[in-house]
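The structure appears right after this line, and notes come after that.
Should a chain be cited, it is by its letter among A, B and C, assigned in written order, with residues numbered from 1 in that chain.
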Amino acid sequence: MSIVVVEDVRKRFGANEVLKGVSLDVDRGQVVALLGRSGSGKSTLLRCLNGLEVIDGGRIEIAGHAMDYHPGKLRELRMDVGMVFQSFNLFPHLSVAENIMLAPGIVKGSTKRDNRALAEKVLDRIGLLDKIDAYPDSLSGGQQQRVAIARSMAMQPKVMLFDEVTSALDPELTEEVLAVIEDLATDGMTMLLVTHEMGFARRVANTVVFMHEGKVWESGDAAALFQGARTPELRQFLGSTLK
Amino acid sequence: MIRPFGVDEILFLLQSAGWTLVLTLAASLLGGALGLAIALARVADNPVARELARGYIAVLQGVPVLMVLFLSYYGLSHAGIELPPIVAASLSLSIYASAYLGDIWRGAIQSVPRQQWEASASLALSRAQQYRYVILPQSVKIALPPTVGFLVQLVKNTSIVSIVSVVELTRAGQLVNNVTFQPFKVFVTVALIYFAICYPLSRVSRRLEGSFSVHRSG
Amino acid sequence: MAFELQFAPVLADAPVLLEGFWLTVKLSFSAICLGAGIGLSAAMARSMLAARHRWPIDLYVELIRNTPFLVQLYIIFFGLPSLGIRVSAESAGLLAMTINLGAYTTEIFRAGIDSIHRSQIEAGLSLALTRRQVFQYVILKPAVSRVWPSLVSQFILIMLTSSVCSFISVEELSGAAALIQSETYRSFEVYLLVSLLYLLLALAFKAGLTALGRLLFATKAPAAGPAAQVVPPVAGGQP
């Protein structure tokens, strides 16, 4: 049973139709790299999956929730679907611990003590336990992004969405973030990653979805596609992004 | 004898609004000239000039306009100088305006990037030339929105001089109210006339501001 | 004619001055608490309303900001009784100051709220927070900390504006001055002294409120910093 079902989704911004009928299925535990040029619609698709963008046509079902834009339903969906952003978006006025504990506390109503324990657990997992009471502005970009991932993990989602999470980082800082994501993958988290990092996509993804001009152009097993793309567009894309 | 609040009364109000505009104009011109001097002093090399200007601005921004009015009005008469109320009022408003405009323009001058100073100095321009050809033209653009915004404040503050019997719009309102006994109608009309003057100015200021929205993200 | 100043007769009436001073402080304090409360509520409500439903709040703000405080005061003190509502001078003064400050603070808070980047809101929503929770936990504190200097300026301004209440015979500091002046005829001396008192009060407000700001928005987490200060378009001068 697929944990993410996207059926003929359409999305336009003004006169510009960005998603022209996108369909894809993701099974539990799959790690999907969403690739494509700028403007291919990959980030838009990702943002549709947790309701940040409203689709104009088609159907989305994710983590057992049918996409429903009523605020209550959307929140329920977001408790099971986590999102990590390119610009980390940590709350600058809260410490690392407070960032992580905020949502579990006020959305799920867990106690402060449980939350603190949870925060310690996820921070320990990503190797930043010593920064637990630090503030975002004292952390490097890579550290902030890892905290952002931990913040999302603290809600114990069933699916995690990553929107170009290393694009805003200096090259030497991307490795630590990718290591965390890799770790999540081996633990069986279902993930969709929009990424430019071909090397990373090869390393961690077991599925590749290549988007071109608002549609899913090619998709399939990652290893196979990286060896030999079937369509010229993907071949060209991979060729131009080879390091 | 109670008069109804009719066209004659409204015309009288509009006429007095003319004096409001006269006061505003006088205060902006005089206050502007003085304010420019204050602004330049505030950014001068000479520390004495800087501190004096800073003190001037701080004091005038820390007292009510009413006090500025009374101090100049009674100060002058204490010194034996008798001026017609409207002249005294204009002078007071000019002093008040000079402090705020000086502060606004100081801010604008300081907002011109330091590279502009460096570049013009490297071209061997004198200080005065730097100001005249490079710095002030650029600071005008920055200063425009808050200056227009301040004009709105100035128009509103002319209402204060009604206390020294200058018949500007607010005083006219009081006079009309005294013969018509319709305070609500009268003063709402007065308010609407002020609104008609100030709102367009506010809009202009906001539109000018749009070019420099100070939006920073977290 | 000699320019001699005689402060003695004025100082003899010091108790009146002090009472006036105290009333100014009380009026300002109340107006600040109530007015800022109105401003924050209105700005918060406005941020949650659809664009087409915002006009009543915008109308309130524009009407107040584009008309003189004195006229607003007259409408309340002289106008309301003609509609059957009687108010004391002091109440009229407080009401006018509150309504006035409410409009200005609505605008200031609005600018602060708008300055919070959309990505912060998206992050909050993605964590399944409600819109209200996003406002309370993500937007509120950074927004207010960014506009705190503007708020402080506006609070000082309303304190100075309280002087206009003397026009309807409220015996705050300026009213007390008028009283003393009419008895002693030492107009210049009275107003010099009173101006000094206002200046001191303004400085005290500034120091106190700035310290309060530091207390509330301690720089352990700078929402301030190079990215900081939002200055909403309120130019100087008293309303």
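The rule we apply is simple: contacts are C-beta pairs under 8 Å (C-beta built on N, C-alpha and C of every residue); 3 or more make two chains touch, one makes a residue touch a chain.
In this text the structure is predicted, and so the values were computed from the model without any measurement.
Visitor: Farthest chain from chain A, comparing Cα centres?
Guide: B
Visitor: Could you say which chain's mean Cα position falls nearest to the mean Cα position of the entire protein shown?
Guide: C
Visitor: Name the two chains that are joined by the greatest number of C-beta pairs in contact.
Guide: Summing C-beta contacts for every pairing gives the maximum at B-C.
Visitor: Let me have the rounded angstrom distance from the C-alpha centre of chain A over to the C-alpha centre of chain B, please.
Guide: Whole-Å distance between the two chain centres: 54.
Visitor: Can you compute the centre-to-centre distance for chain B and chain C, using the mean CA position of each chain? Integer Å is fine.
Guide: 20
Visitor: Report, in whole Å, the distance between the mean C-alpha point of chain A and the mean C-alpha point of chain C.
Guide: The computed centroid separation for chain A versus chain C comes out at 46 Å.
Visitor: Can you list the chain B residues in contact with two or more other chains?
Guide: Counting only residues that touch two or more other chains, chain B contributes 218.
Visitor: Going by the touch rule set out above, which residues of chain C reach two or more other chains?
Guide: 119-120, 142, 223
Visitor: Can you pull out the residues of chain A that are in contact with at least two other chains?
Guide: In chain A, residues 91-92 touch at least two other chains, as defined above.
Visitor: State the interface residues of chain C toward chain A in the complex, per the touch definition above.
Guide: 119-120, 122-131, 133, 137-138, 141-142, 145, 217, 220-223, 225
Visitor: Inside the complex, what are the residues of chain B that reach chain C?
Guide: Listed in rising order, the residues of chain B that touch chain C are 59, 61-67, 70-71, 74-75, 77-80, 96, 100, 103-104, 145-150, 152-154, 156-160, 162-163, 170, 173-174, 177, 181-184, 187-188, 190-191, 194-195, 198-199, 202, 205-206, 209, 214-218.
Visitor: Over in the complex, which chain C residues touch chain B? Could you list them?
Guide: 1, 3, 62-63, 65-72, 74-75, 78-83, 114-117, 119-120, 142, 156, 160-161, 163-164, 166-167, 174, 187-188, 191-192, 194-195, 198-199, 202-203, 223, 227-231, 233-239
Visitor: Taking the complex as given, what residues does chain A use to touch chain C?
Guide: It is residues 50, 52, 71, 75-76, 78-79, 82-83, 85, 87, 89-95, 102-103, 106-107, 135-137, 148, 151-152, 155 of chain A that touch chain C.
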